[in-house]
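Note that the chains take the letters A, B, C and D in the order they are written out, and that residue 1 is the start of every chain.
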Amino acid sequence: MPNPPTGFDHGLTLDTAQTILRETLAEGRRLGLAPLTVVVLDQAGQLKGLLREDGSSLQRPAIAHGKAFGAIGLGFGGRELARRSQGMPGFMNSYSDLLGGSAVPVPGGVLVRGEGGRILGAVGVSGDASDKDELAAVAGIRAAGLEPDTGD
Amino acid sequence: MPNPPTGFDHGLTLDTAQTILRETLAEGRRLGLAPLTVVVLDQAGQLKGLLREDGSSLQRPAIAHGKAFGAIGLGFGGRELARRSQGMPGFMNSYSDLLGGSAVPVPGGVLVRGEGGRILGAVGVSGDASDKDELAAVAGIRAAGLEPDTGD
Amino acid sequence: MPNPPTGFDHGLTLDTAQTILRETLAEGRRLGLAPLTVVVLDQAGQLKGLLREDGSSLQRPAIAHGKAFGAIGLGFGGRELARRSQGMPGFMNSYSDLLGGSAVPVPGGVLVRGEGGRILGAVGVSGDASDKDELAAVAGIRAAGLEPDTGD
Amino acid sequence: MPNPPTGFDHGLTLDTAQTILRETLAEGRRLGLAPLTVVVLDQAGQLKGLLREDGSSLQRPAIAHGKAFGAIGLGFGGRELARRSQGMPGFMNSYSDLLGGSAVPVPGGVLVRGEGGRILGAVGVSGDASDKDELAAVAGIRAAGLEPDTGD
């Protein structure tokens, strides 16, 4: 018997999050990437799931979180954050401060969009080069039948 | 023409929040309370609205926020947080730390419940004695046709 | 019967703040801007009011606060903070740290000036491009019969 | 072809962590507990995995992390931390501060011990009463063939 609804179900179910986690890591293995850490945040910006592969270095969870958290906080994918970090470094520095340091403005923070383009959550991946981290996140989101938004 | 849905509509509309803000302060005036500050958080725990009455002291916004934020973070009204603060002071001290200090375990942090008991947000009031702050929050939530949960 | 004066009436009444909040959002709708969050701080730099429109992303309250708080903290509008962020990035980084991260040096942080140019408070807006956020703040302040200072 | 060893394999493989995550939640369902969040930390105290069940409230990830992080930081299970919090509240308050707030001294933070009693990591669970959270963690660790240490 499932628990009654609490109101704390923001956009993504745990089932969907687990598909994204698993398929993001599977794509990393297919592409031969370095060991990855993947984070899934829900629509409220809260952690829904995280997995760190064996060998993934110590601060990868923090970096992957910062990619996803920075993206969903503004409502843009990581590539848009990277552009703003180039064009408005003062803004992105203060944005990172506002988020307690957890806003990493590089590719690999990817919004999860559902029906009608609604933002359902965000995925952050860290471990290899940012572009490759992003490929893994995109594959994971697509495997769950949802639309990745990289900010491109 | 309204904006298209973004996914950042968590439980409470701004219209509902404004009703709660206005009616909470109106109740404070009816009861002759000291100047109040009222905060409304949405289901994601983010600020939806805040009003500080003339004469309400400097840290009332922070205190009202902490009452609401602490309540919705655990999913209990402020009276339950107050009980735990008595019975498990070590837990509540660390909980406050976890929330960057913004968890105030006293009455006046009130969950907003909708259909089927779902948590839609939280209201925090500070300015008079905690019990009276709570009366104002309860009246504000009821005026919006929603159910207050004080943790009692 | 109103409460007696407490000394915590810093420049802006709640009535004035509510006019600014309402008219800032109204201007955003007239201009067709993305969903906005607007913050009004009083002369003491404390929150007087905040409203977040439906669909405004998660960290907009923090960003809008940082625009207004950074501006009133130095006594310059956001455009002057943006110039200093370009010319003296080290200073603005440390200024942001000093304010616990809440100093966002971009347009959209606007001082509220009254008779004789006295600073009465500050308004911060976030949601669309910074220049457009600023237009909404300027309209809101003017609607209250006060003088906006963008730092230009 | 697996990645070469990096040195960042601290005690627990991702396979083991996933067994613990899955079986902790399964035990929660068997016991009819409220929606849980479970965190697995490795021997270095870093996140290896996290899952938050649908309906688990907003700050459960932070609380579950604090239970596990506080436990492995001292090398004692959560029950010992709870005892010290009673007997030495000043110490536990400063310990929580030292860990950036992430030390929650209650049951439900459980060390994972392997051969010869070596500490391999820690599990934190939050969502129901602390005693019940602990039951789920213990079952998850045992299902991975490892020894739970609750601090009892």
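By definition in this document, a residue touches a chain if its C-beta (ideal position, glycine included) is under 8 Å from a C-beta of that chain, and two chains touch if they have at least 3 such contacts.
Note that the coordinates shown come from a computational prediction; the quantities given were computed from them, not determined experimentally.
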(message) I'd like to verify one number: the distance from the centre of chain B to the centre of chain D, where each centre is the average of its C-alpha atoms, in whole angstrom.
(response) 31
(request) Averaging only over C-alpha atoms, locate the centres of chain A and chain B and give their separation in whole Å. (result) 30
(request) Just give me the whole-number Å value for how far the CA centre of chain A lies from that of chain D. (result) 23
(message) Where in chain D do residues touch at least two different other chains?
(response) 57-58
(message) Based on which chains touch which, is the overall arrangement a line, ring, star, complete graph, or other?
(response) other
(request) Could you please write down every pair of chains that are in touch? (result) A-B, A-C, A-D, B-C, B-D
(request) Would you tell me which residues of chain B are touching chain D in their complex? (result) 44-45, 72-75, 88-91, 93-95, 97-100, 119
(request) Can you check the complex and tell me which residues of chain B touch chain A? (result) 4-8, 10-11, 43-46, 75, 100, 113-114, 116-120
(message) Show me the residue ranges of chain C that touch chain A in the complex, using the header's touch definition.
(response) 57-59, 62-63, 66, 70, 81-82, 85-86, 89, 92-93, 96-97, 100-106, 130
(message) Using the touch definition from the top, list the residues of chain D that touch chain A in their complex.
(response) 1, 3-6, 8-9, 13-14, 17-18, 32, 34-35, 37, 42, 44, 46-58, 61
